[in-house]
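Read from first to last, the chains carry the letters A, B, C and D; within each, the first residue is number 1.
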Amino acid sequence: MIRAGIVGASGYAGGELLRLLLGHPDVEVVQAASQSSMGKFLHQVHPQLRGRTSLRFISPDALQPCDVLFLALPHGEAQTHIEQYTALAGTIIDLSADFRLRDPAAHAATYGDHAAPDWLPRFAYGLPEINRPALRETRYASGVGCNAAATILALGAVFNAGWLDAGQPIIADIKVGSSEAGRQPNESSHHPARAGVVRPFQLTGHRHEAEVRQAFAGKLAGVRLSVTSVEMVRGVSAAVHVTLPPGLAERDLWNAYRAAWNGEPFVRIVHEKTGIHRHPEPRLLAGTNYADVGWEYDPDTGRAVLLCALDNLGKGAAGTAVQCMNLICGFDETSGLSFGGFYP
Amino acid sequence: MIRAGIVGASGYAGGELLRLLLGHPDVEVVQAASQSSMGKFLHQVHPQLRGRTSLRFISPDALQPCDVLFLALPHGEAQTHIEQYTALAGTIIDLSADFRLRDPAAHAATYGDHAAPDWLPRFAYGLPEINRPALRETRYASGVGCNAAATILALGAVFNAGWLDAGQPIIADIKVGSSEAGRQPNESSHHPARAGVVRPFQLTGHRHEAEVRQAFAGKLAGVRLSVTSVEMVRGVSAAVHVTLPPGLAERDLWNAYRAAWNGEPFVRIVHEKTGIHRHPEPRLLAGTNYADVGWEYDPDTGRAVLLCALDNLGKGAAGTAVQCMNLICGFDETSGLSFGGFYP
Amino acid sequence: MIRAGIVGASGYAGGELLRLLLGHPDVEVVQAASQSSMGKFLHQVHPQLRGRTSLRFISPDALQPCDVLFLALPHGEAQTHIEQYTALAGTIIDLSADFRLRDPAAHAATYGDHAAPDWLPRFAYGLPEINRPALRETRYASGVGCNAAATILALGAVFNAGWLDAGQPIIADIKVGSSEAGRQPNESSHHPARAGVVRPFQLTGHRHEAEVRQAFAGKLAGVRLSVTSVEMVRGVSAAVHVTLPPGLAERDLWNAYRAAWNGEPFVRIVHEKTGIHRHPEPRLLAGTNYADVGWEYDPDTGRAVLLCALDNLGKGAAGTAVQCMNLICGFDETSGLSFGGFYP
Amino acid sequence: MIRAGIVGASGYAGGELLRLLLGHPDVEVVQAASQSSMGKFLHQVHPQLRGRTSLRFISPDALQPCDVLFLALPHGEAQTHIEQYTALAGTIIDLSADFRLRDPAAHAATYGDHAAPDWLPRFAYGLPEINRPALRETRYASGVGCNAAATILALGAVFNAGWLDAGQPIIADIKVGSSEAGRQPNESSHHPARAGVVRPFQLTGHRHEAEVRQAFAGKLAGVRLSVTSVEMVRGVSAAVHVTLPPGLAERDLWNAYRAAWNGEPFVRIVHEKTGIHRHPEPRLLAGTNYADVGWEYDPDTGRAVLLCALDNLGKGAAGTAVQCMNLICGFDETSGLSFGGFYP
């Protein structure tokens, strides 16, 4: 049983993290800090925790030493106080973008200068499916960008198969829900304005492109992300448009996907010939740590659309953070992540 | 052709009003004032007006005299400046609650002391279906509360028939969309929090009860409104639960409804024996000035549920305001209000 | 470890039941029968089960003896074959309406003549909150009507307190999601027709009224249910409008609610002074076995609105069925029902 | 005043057509035929027509001669009976795919052998923005595919500017609402299954590709359409991913768009620097005949995302059909199409 704390605990990712950790058999949540919600009961901010805990939010200044500290702060804050947090806990899992890019130059180009660049190489990129060995040997894991994670997992099998020409344009057209924009109300998130939209949001120059490039060791320079907001609260659905080399058959794609993902506890291959659920769908994954992957391939043109769906707060944030903790702490990798979703 | 102006023009009701007036054959919109949006093109705030007008918002201080001035201000502001507005225009249509209750004591009990109580009796209550003669003879019309209007129109036929015992509890259970809460983003309207809810909102002591009581000349003291927010942007659906006297048959209700509403251009009786649209539904009325009314009656118990659906921004606000203007100015009552809704 | 089977396993309640039982620590699911889906893998019909089981649907004729058999059949079928099912398993949990009403006359008046009236008294009504002792001593539990369950739990505390006059009209205005109508597509459930509606559905003469009257031993003859469909997939929200005796204070209601529900593992009192989640909300309960109860009370008028929210497939069907099985089999009552919901 | 008839009038496009024609100042709707709805009042099938007409559906066999006959039949039926329909009316507007492709070989490759290939060249492709001269000189106009129309209008300005290399892959990632799949309920359209999805639907080999290729005279062979269903009833949103030649600036795109679309009554350029409505959005266009176009361009990479939003039942079907009729009959092109949409 380890003792865990969370700072930045009043946001949506913080709430999801608390929900997962409170149900984790190997973890005791001992403290949850939030500047804005200090003094409130957790369930007053996170109604899903009603009856699950009697903890109250504390001030970040009141944090006590613990075994694992999760940082669910707005981007930019973790890097500023990283020394302070590492002094409190031997294991740090950060959910922000602050420690995702290992190259300070890449970080600077994407997010601006880093406040603690020396710390960048000490963090392992927190997507177990592509970085499990490093995560087993570190005490510091970064978060993942939810759109980046969906794109990386959509591309992974085909990249591993060596079928992607480094120069080709790779278009990731990504549909996202409203929780991705966080908990702060604004004009864009106002229900009468947000309901029912298909709203092109960020179509070029997306920050997560750097994270995807890093994941593929710079070999997919042509990856571009375009994000559109749709009517959904939780969920990311990435459709990655690529051209494959001539001569491939469906069977080859099946082989590539099995080679990449068999054995992965949280990646499911969803590729049925018929039925309404033949492709990955984010709605089925709300609250889970699954990333469902699939594809549609047209052998006549060589064109393929590679698919990944996940929950931006689950696999795209808190779920993966817990999975990283499990690896770092030597727990069963799936511990605390057993919820498989419901339907309809 | 009359010249119209709007103050408070950047809210949702203001936008709907502009949409209707810009399509009105007898009206020229000459000015739209908004403190917060001053200088912007109308379509930058109201995207539905793109390509419809090249007007910009002006400061309320820059308002010029015109024929009709619509006040779409937050509650409390119209009463404070009423002398100033009546000096600018001979005809005033107010959309707020400021001039709905003719009795200063009722206003004070409901909304607090009125800043210009002498003006209360000069305004006619702006629901043509129950106050057409007065609206034909006034220059000043009040707005209607959207929940009150739905309740009044749900009850009207049965009240006119004399079937309601003054003392009986009359329960109006009202479901509303998110636009009813206005344009200002807040925690409650934040899409991730508001999407998909069935959220009891105001279940007792609703301010619109005073307006309903006034509409029925104090003879329905037992009317209570309970409001629940549901997943919808525009729309109000009232189900009013009453007990009718013994011995009535379906045919009697038909007669009462026909007597009450035949000839009304914007009240439709929706009461089919079968079919999925056999009762009034707000979704069908978005953008229209219709109030659809209907009922379900159980002769064995005497229990009836009286129904009314309308668009809170249409018949519940801007539509009725235009209808009042038509009456006051002697235009065809339906002028500018011909849009009948679409489906699906 | 007991061996469980399900017949009628391809409907929505069947899917929810399978999801719960596959995660139940004391149960092995050994067979799932469905006439229409025979031969398919469970996850082809219930996508939420992907990766959770490799079972296929069998024919109902191929059912083998097991410890517990759940019947999730269309209303009317369980009663016709009850001898056959009781021969297969010592414990039967039926989810339909077939064994809810113990009085054959009440059943006949509500649903038509019963095919096996002798079996009615052998079944215990399956709502543990009002019938736990009987459920501990039976082998046969009935299902609950989701709308009835919400109404019963909304009223329970106030009924227990003795505050409800037997003759008073009690109006339950109930809002429901689309999954309540089952899995069979039809004109009413067609997405373009169903999306965004507030559709009065059954306003008088609801069949569940008999179930509510039975729950209160005939002492609340005036209970009436009115059901409206709203935009939601899972969920029931009941607002029950009552008048309380003079002289009660908020504190008295708190006491009544605590007396009724403290100690109940799946009933939560949600009654906050402020905040957007101060009342029960069905969205928070999707996938859970919780029934959240609350109220709003106006001491000036004596009027109270009693609230209950639950998931029609969870607490309103499969969740309660599992809870009954736990009681009958002597497991921890909460076993397999630990999922607490997520947000947003 | 011309006399119009519709056959296949009970589908969603038929209902939209009726709504538009009943409000058209130059048209009298004299007959609406539907095999399945024969004898019913129009408003029993199309609730948006309540109070707008007292017509009933007739049998297709009972059709009488009229001036313009609209064919809103399932794909394949118009071609089979075209001689019969042209005998009834001098002007035919078909909404199906039957007469969109002028080349019989292209039709056969896409939809199978044509039953009346001689008629193909007599029909003008019914998208006025790219085919106005031909529409002014024909009596026979085809429908448009809604996804094709959105792709064509997204690409038009940049194609006209000569910036698209014929061989480059052009990826149209298209998000659509549920009404696109028509009025027939099925498993896929069932509300509990369809609500809230982001469901990849047809990602390769889309039939509308032939229509887009024809629109660009075969010069854009690399166009591929991928369609995803999202939570929306009406609407299409196309994001077309292209690479532009080096050296272009924002200003050049503005010039290209203005050159292409200025003067078009129903194409609006939506391309703002800021604001939540800076790109085209289908929700704003429900019920209208607008196609809003825009783009996002990254000069550093040459990558551009070209956007078009429209209402699949409006500009993508019935609206364009009425626009074609206006051109053929010599009416004002915008007649009957003045509804501009509402918000929120």
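Definition applied: a contact is a pair of C-beta atoms (placed from the backbone, for glycine too) under 8 Å apart; a residue touches a chain by one contact, two chains touch by 3 or more.
This one's a predicted model, so the numbers in the text were calculated from it and none came from an experiment.
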| item | value |
| --- | --- |
| Comparison of B-C and C-D (more C-beta pairs in contact) | B-C |
| Taking each chain's C-alpha mean as its centre, the one farthest from chain B | A |
| Centre-to-centre distance between chain D and chain C (centres being mean Cα positions), rounded to whole Å | 46 |
| Chain B-chain D separation of Cα centroids, rounded to whole Å | 36 |
| Separation of mean Cα positions, chain C and chain B [Å, integer] | 38 |
| Contacts with 2+ other chains: residues of chain C | 12, 179, 187, 192, 195-196, 231, 233, 281, 344 |
| In the complex, chain C residues that touch chain A | 12, 15-16, 19, 23, 44, 46-52, 179, 233-234, 268, 270, 272, 275, 277, 281, 284, 286-287, 290, 338-344 |
| Interface residues, chain D side, partner chain A - complex | 169, 171, 173, 175, 187-188, 192-193, 195-200, 203-205, 224, 226, 228, 230-232, 235, 237, 239, 241, 243, 276, 279-283, 294, 296-298, 300-301, 303-305, 307, 309, 344 |
| Chain D residues within the chain C interface of the complex | 12, 177-179, 183, 185-187, 189-192, 194-196, 231, 233 |
